[in-house]
Structures are given as structure tokens and as C-alpha cells.
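Have a look at this one before I ask anything.
Here the chain labels run A, B, C and D in written order, and each chain numbers its own residues starting at 1.
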Amino acid sequence: MTNTQLTLVQIDNYGPWTVTPEPRREMDLQTLQSRLFADIAQFVGYRGGYAFFTRFDNMVAVTNGLDIDDHELLQESMGNRYPVTVSLGIGADPNPAVALEQATEGLQRAGSAQDGDRREVLAGDPITDDSDDVSIAHFDVNDATGKYTDQLNEFDSFIQIEQGYAALMRHLREEQGGLSFFVGGDNIIAVAPEMSTDAYQDAIDHVEEAVGVDLKVGVGRGASAHEAGMAAKHALEECRHRGTAVEWGDVTADGA
Amino acid sequence: MTNTQLTLVQIDNYGPWTVTPEPRREMDLQTLQSRLFADIAQFVGYRGGYAFFTRFDNMVAVTNGLDIDDHELLQESMGNRYPVTVSLGIGADPNPAVALEQATEGLQRAGSAQDGDRREVLAGDPITDDSDDVSIAHFDVNDATGKYTDQLNEFDSFIQIEQGYAALMRHLREEQGGLSFFVGGDNIIAVAPEMSTDAYQDAIDHVEEAVGVDLKVGVGRGASAHEAGMAAKHALEECRHRGTAVEWGDVTADGA
Amino acid sequence: MTNTQLTLVQIDNYGPWTVTPEPRREMDLQTLQSRLFADIAQFVGYRGGYAFFTRFDNMVAVTNGLDIDDHELLQESMGNRYPVTVSLGIGADPNPAVALEQATEGLQRAGSAQDGDRREVLAGDPITDDSDDVSIAHFDVNDATGKYTDQLNEFDSFIQIEQGYAALMRHLREEQGGLSFFVGGDNIIAVAPEMSTDAYQDAIDHVEEAVGVDLKVGVGRGASAHEAGMAAKHALEECRHRGTAVEWGDVTADGA
Amino acid sequence: MTNTQLTLVQIDNYGPWTVTPEPRREMDLQTLQSRLFADIAQFVGYRGGYAFFTRFDNMVAVTNGLDIDDHELLQESMGNRYPVTVSLGIGADPNPAVALEQATEGLQRAGSAQDGDRREVLAGDPITDDSDDVSIAHFDVNDATGKYTDQLNEFDSFIQIEQGYAALMRHLREEQGGLSFFVGGDNIIAVAPEMSTDAYQDAIDHVEEAVGVDLKVGVGRGASAHEAGMAAKHALEECRHRGTAVEWGDVTADGA
């Protein structure tokens, strides 16, 4: 059964820290944030998970397969190597939005994100049944290079991609409880509940009608986000070769 | 006079590379992208510039004060340390959108972003008149922690911030030629042409009316993005203290 | 029984790469090397191992607990994120020098370190019996800050530490088959076979007589380098408190 | 005239921090140290300098061309992005050992390296006369791959390299006031005073007689360590082609 475990990674009291005692250099903050995210992506990724930068001070990770010791290790290691600490909230549910609701509530109950005394909270319980699986949908924009990158100035290309993302993120959230994350280029990865081909086609149609951005999607399932995501990537390659809009991946296609 | 120099940093042939010979692990790609951006942020930031991650495979930097040698050094150093190379296009104009148009065209003329033979292009000419300055506007969301982060699940908070960003980015682009970039948390930094207080108030009103997200902004000018941006950050702190929506920074407030 | 699994990490054809087509910027090479090492230290460290930078183009890691899949994942991830690739040789033996001999031979049999066609070799077999353990000895210099750092110029301090290290590394290698690595500051970590307190005292006496550098050591055993190393660190704190030269750690002191 | 400006970078109170409140994970410390060094290498390197990891908690950089603002910026940026801070001491002299003596004394006068209250010291004055130059000698071991890496186990190869380095570092320090740093592989870079070809040949002969390790060296001079070092690298390539032991570089060979 699809049962997604999500971890909310929240930098403790980050906003106030960025302006104390004076506003810090913006490029130092950008460097700090993106490297901290990269370290979390590596940690989680090596255990089969996926991490998304989201707002950078709050990051969302798919952590099926990571237990409480893994979470403690991540928290300890960040605290050892960065000038900031992180709190972690864990939730699990067939519906990703509900899982994130749980993960978030665990931290909210412990105090405000800007409470200087609330540090290194670890809330929530990882899944213990490893028969569960995860569903990942990998979208990209049809011919984004030809239509946008090689034609428009970069900001206008970005506006197109961004509009497509904004429309998709709201649609999947509201209609399905799926959580979509922009991952660079013209790529969007969604952590999805169980959805039919028709439901994916509806999402693509919605985005096309709403903002004129033309998507395709590969969908995969697997015991981990990595397995599901690799199946989704291969399925997306299939869309490319066949000119189709929705393809389902075979987890054994991973080869890993 | 405000005259913004922008550099488009484009990873050469990145899309095809990510799936050759097989799709690569997503978390390795996320790590690669965010570290490459961090290195550009450090390089540009130490010279007074600002870099924005935009789509990660295409990044936009404000590079007033960086000459052609600086650009060559950046390009060489990335090529020495990453499995991918970068092309750089430079443009300058009082209107940031026009500057980026120039920067982008320099690369487009040299070939497609996905042309395997087009590598390490360096196109365009840096400004030589150092009397020019840059205008930076630093927006954030009023009480984002209290209204969103501590109340909603993280994805629903993110949707709010994202909607505010989407509305602002289009408004400033279309009305003013300003380029807005989400920089994490509830922060948006815009590279702006000369704009009045009323024009900033209009932008804030527009976002409030369109999507219900309540912004404030500090604006600064300076010889570099860093100077202008520090003045903007101090001005934003003023908004916070005074409860105002638009404040102008004094470049000498930087102290740097 | 003490049975150390060692992995030799060798950057493929690195020397020639650093001067092709022209010598590359030294600081780019230094950055590349130290970040690549840092990534290996994180990867191995999160699985309970220890990695040492050694010569940077050849690194040695204690990898008890890492199986062949872990090694493949490390190799794949480095290849995805760096402009160079790595070969890995694995060996295991109660005597660390013998284990490294095996690990090295696996790569040597596959070709020269500077053979341009020999890439991403993975040779050798990890231990399958997880009842084995590892012995780690953590040395430091008595009052290095007071005697050297705060008194001499930094290079002369470094010469003292370096001489102590050179004497220790040869003694432990020749007398015991132990492998000692300088890990920064005044710290040396040795991967050791089973040794008595007297044997450790002999090593300390030898260094004192040979070069006048005064060491102490904490020794720990555990299922992984991390467990053994944490016990060794706690034992070294005991030396500090009690003024003793050799202390044995209790693996349960780790608490982890 | 050769006039070397050296900066001692010292992590403030690092030893105590690594064991407070409990000893921290060794691989986190290794990661922190090597990334911090990498950032310093990038910062200094982009300004034409060279940085050496030395003991990691104390690093030595050749900083001709870096003024006091550059040093302040480095210090601020490290403090913004790491859980530790750095103090910087600057010295300049035709004799590198004397320059480092000055640099070190500036920090020692301000307090102990392990004084918890001594943070972010910036001591000493950069050179203002930019007609000065720097001398860099780049040594490597003749056929290290064929004689060691492809023949011995990695630790025994390392012992050979390490012995060669230990002999050279002492000889150049004592006879000339030159400071030699191991930079990975079989490479040693020395910051040298003005020395004759005979003096370099003597150094090579001394190492061969003392420990049987066979070196060659390329020497370069330039306004910055980078320029001098690139000339030295090209000269070392000349040694390789001609089978000579000492070659002098032409700074214009850099092409940069």
C-alpha cells in the first residue's frame, strides 16, 4: 500500500538569526542554505529518500526507510557542522498532505519556528512496516528548451515554468493531496497518493488550460522515493520516445 | 544612474547530461546543482554581486563591478571542479529585463542550451563606467511565521509564499522590467529599475489584492548589488520597526 | 575478534588530469580534493566508518559494516558529481597493513593508477561476519597549544607535530602493522591490530626518544570505526583528566 | 624584490570545541575542517593567493595582493557560515619564515589559541607596495606512480612520500627559511626566499641522501602566488620533458 513518510526539516529560529546582530551578507545566507540543503539531499538520498528545498528554511523530505536513529544522526551532524541547528518532524499517511500535516504539527506543538529556546526538536514516529511503498511522479515541460530557453530571455522562460509549477502544485494539493516540488530546469517532482492515469491526465490538462504550459509525466512506485523516482524517470523517458503524456514506470527498470 | 549588469549563467547541455547514459540519481543532481549555485553565490558575492538560483540550470547574477577577467576566472574554476561546464552571457541596461534580454541573446546566438558542441561561451561586455549604480528591493511577508509557518502544514505555507511570489514576479516584470527572485523563507529580492515609492506601494497592493499575501519592502541603491542590498535589508528592518510598507535605505547604513 | 576492513579510494588517472591540457589552478585542485575527501568522510562516517585523506588522490577508509552495495553507491555518486572518478579496493584482515595490502593489490591488478582506461574499478570482498570488531587508537600531543601553538611560529609548531607523526607512523607500521593517520591539530588516529598497553607505551616512548614529542593515547574497540573511535576519544579525555599516557575506552561510553 | 605576505588562519578555540560537551563525531570534524579549508583556498585562490591546510586548525596562506578589506571579508564570511570563527595574522618579509613569525606573533599577542574569549582577531598589516613578488617552488617525486603507487600498498607508498616531505620541510626551513607544504599526491609546494639553482639542487640531493626519495622542482616568480605557482608548474613540466631536476619558469608562460 502506498504510505508516504515525510520529514519536515526546519532550521531553528533562522529568520532572527539572519539579522542578528545586523543583517548578514545575502550571498553567505544563500551559500549556507543551499549547502545545508545539499547535505540533507545527500544524507537522505543515500538512504533511498528524496529531499526538496521548498523554502530552504523549511525543507520537505520523503523518508520511507529512514528510522529514528537516522533522523538523530542527521540532526547531530548538521549541528556539528553548521552555525544553525535543525528540528525534524516526521509523519506518515497514504495521503502525502496528511503526512506533512502530522510532521508539521509535531514541530508546531513544540513551539514556534522563531522561538529561540526551541532547538533540535525530533517529533513523530517513522513507519515500522516496510511493506509500504511510495509513489513519485516526475513531470517536465514539453520542449522547454526549444520553446522557452532558446527563445525568451531567461526570466521570461522562468515565468513560464514557474506558472506551470504554481498551477500544478495547487491542483495536485487540492484535488489529490499530492505535494509537488520544483527541482530545477523544467522538472517538477510530486509525491503522490495512489492516482489513476486519468487523474494524471486531468492534472496535465488543467495546467495546459490554466496557463498554457504543456507537461508530461512519468509515474513510479517503489519501496523508497529513490526506487519510485527512478522508475518515474525511466517512464518519463518513455513519454519522450513515444510522444505520450503519461507513462507508468516498472520499478525493475531501475536496475539498481 | 541606475545601470544593472546581469550575467546569465547557463550549464551547458545539462538536461541531456542528466539522463546520459541513464537517468542519474535525483539527489546527486540536487546536490550538484545547489553546490554549483553556492559556489557561484560565493564567487559573485565576494565581488559585491548577487546570484540567484532561478532554475539552477540557468542562474541570473547581478554583476556590476565584475569585469571580463572575473567572468573568465569563474568559468575556468567551475570547469575545473564540476562534471559540467557553464556558459556566461553578460548584458547591461537601466532596465533589468532589457539587460537580461541582452545577456540571454549572447548565448542564444552561440547555439542552443542543449547543443553538445556549444561549451563555455562567454558573450557580452561588462560596464566600464563605474559611476553607475544598482537598485535592489528586498521584500518579505508580514508575519509569515505567525500566519503561516506556525499555523499551516509546510506545503500550505509554501503555497501562500509561492503565490505571493508568482504575483509579484509577473507584476514587476510587466509593469517595470524588474526581476524578482525568491531567496528562501518568505524573502523575495528584486533587481529593479528606478521606481518611486508609489510604484512599490502599487506592487504590494497588487499582490495583496491578487492573492491575499501581505508584503513589505526595503529598497536600496549602491555601486554594487551587495551595497544596494544591504541598504535594502536595513530599510526592511525599518519597515519592521515602524510598521510601514515601503522604506528606502541609506547606503551608508551598510557600514561596510 | 579484531578484523579490520579497509577500502582504498583512488582517484582514477588523477595526476595526468591535473595537467591536461595545461596545469590547472592549484587552488581549484586543493578545493576539489578536500571537498571530495569531505564527501567520502560523510558517506563513510554516516555508516560508522572512518576515512583518512592520506595523499588525497589515494585515501584510506575503515569500512567495517559497509557492504558491496554501499561501495557501488559511493562510486556512482562521486562519478555523478565530480569531474573525476574513483576506484575502490577492499581488503580485510586482523592486521591492518595486510588488509590494505589486499585492498591495494585489487586495484594494482586492474591496471596502473595512471592508466587512462582503468576507471571505476571495484575490487575485493567486504566482510560478511558482523561479529568482528575494529580497534582505534586516538593519539594527541601533550599540551601542544602551550608548548608549540602559542610559542613557536606556525610552521615550527607544524614541524614538531609532523616529526611526531612521522616517527609514530613508521613505528606502528613496522612493529605492529598499525596504520596511523594525521587528522589535524595535534591528533593522530591509528587503525590498530590487537595490542597491549605495553605496546602502546612502547610506541609513545619511541616517539619521545626519537623526536622529543610527547604523546598520549586513548584506545577503543567496537563493531565499527565510529564506535571504537568514540570509545578512544572518551579514553583520551580520561588520559587528560588523570594525567596518564594510555587509557582504554569502554564502548558503552559512546552512548550512541 | 621577493617579499612574501603570509596569513596565518587559526580556528578560534577549536580543540576545546571539538570535545564540548562531548567529543564530536570524527567524520563531522574531518568534513568541517576540509570544507573550511576548501572555502579558504577558493577565496584566497580567486585573488591570486595560495592556501595550505597545514594542521587544518591552523592554515597558512600566501596572500600577496590581498588587502585588509579582503581579510575582513574572509573572516566575516567564515563566521556567517561555520559553527567556528577564525583569527587572522598577517606578516610580510623576503624570508617566508620571518613573515610567518610576524603573522603568528600577532595572534599570540592577542591571547592563546585556546582562549575562549579571543575571537576573530585580525592582526598585522598587508604589503602596500605592489612591485614586490613571490617565489614558489613546486616539487614532485620522480615516477612516484611507477615506483610506489603501483608497487607498494598505499600506506607504504605514503610513508615514502611523507619521509621525502619531512626531510625537505626541515632542510628548506633550516637552510633557507622556506616553507614547504604537502599538497596531495606526490606534490610539495614551497614558499621560498630568493634561492639559486644550486640551492634547489642541494635540497634535492639532501632528500635523496637522507631518505632515498628522488625529487625534481619547477621554480617560478610572480606578483602573486598563483602567477609564480603557474610558472613553477610549467617549469616542472619542463623537468618532466627534459629529464632535468631543476627548471625555472617564465611567468609569461601562464598565459593568464
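In the analysis below, a residue touches a chain if its C-beta (ideal position, glycine included) is under 8 Å from a C-beta of that chain, and two chains touch if they have at least 3 such contacts.
Given the structure is predicted, the values throughout are model-derived calculations rather than measurements.
Common neighbours of subunit B and subunit C under the contact definition above: A, D. Subunit D has its Cα centroid 42 Å from the Cα centroid of subunit A. Between the CA-based centres of subunit B and subunit D the separation comes to 36 Å, rounded to the whole angstrom.
Computed from the mean C-alpha positions, the centre of subunit C lies at a distance of 22 Å from the centre of subunit D.
Counting only residues that touch two or more partner chains, subunit B has 25, 28-29, 31, 35, 42, 46, 77. Taken as a graph of touching chains, this assembly is fully connected, with contact between every pair of chains. Residues of subunit D that touch subunit C in their complex: 8, 10, 14-15, 19, 22-23, 25-31, 33-35, 37-38, 41-42, 44-46, 49-51, 53-58, 60, 97, 100-101, 103-105, 108, 112-114, 145-146, 149-159, 161-163, 166, 169-170, 173, 179, 183-186, 189, 226, 229-230, 233-234, 237, 255. Residue ranges on subunit A touching subunit D, taken from their complex, read 24-25, 28-29, 31-32, 35, 76-77, 79-83.
Listed in rising order, the residues of subunit D touching subunit B in the complex are 39, 42-43, 46, 73, 77.
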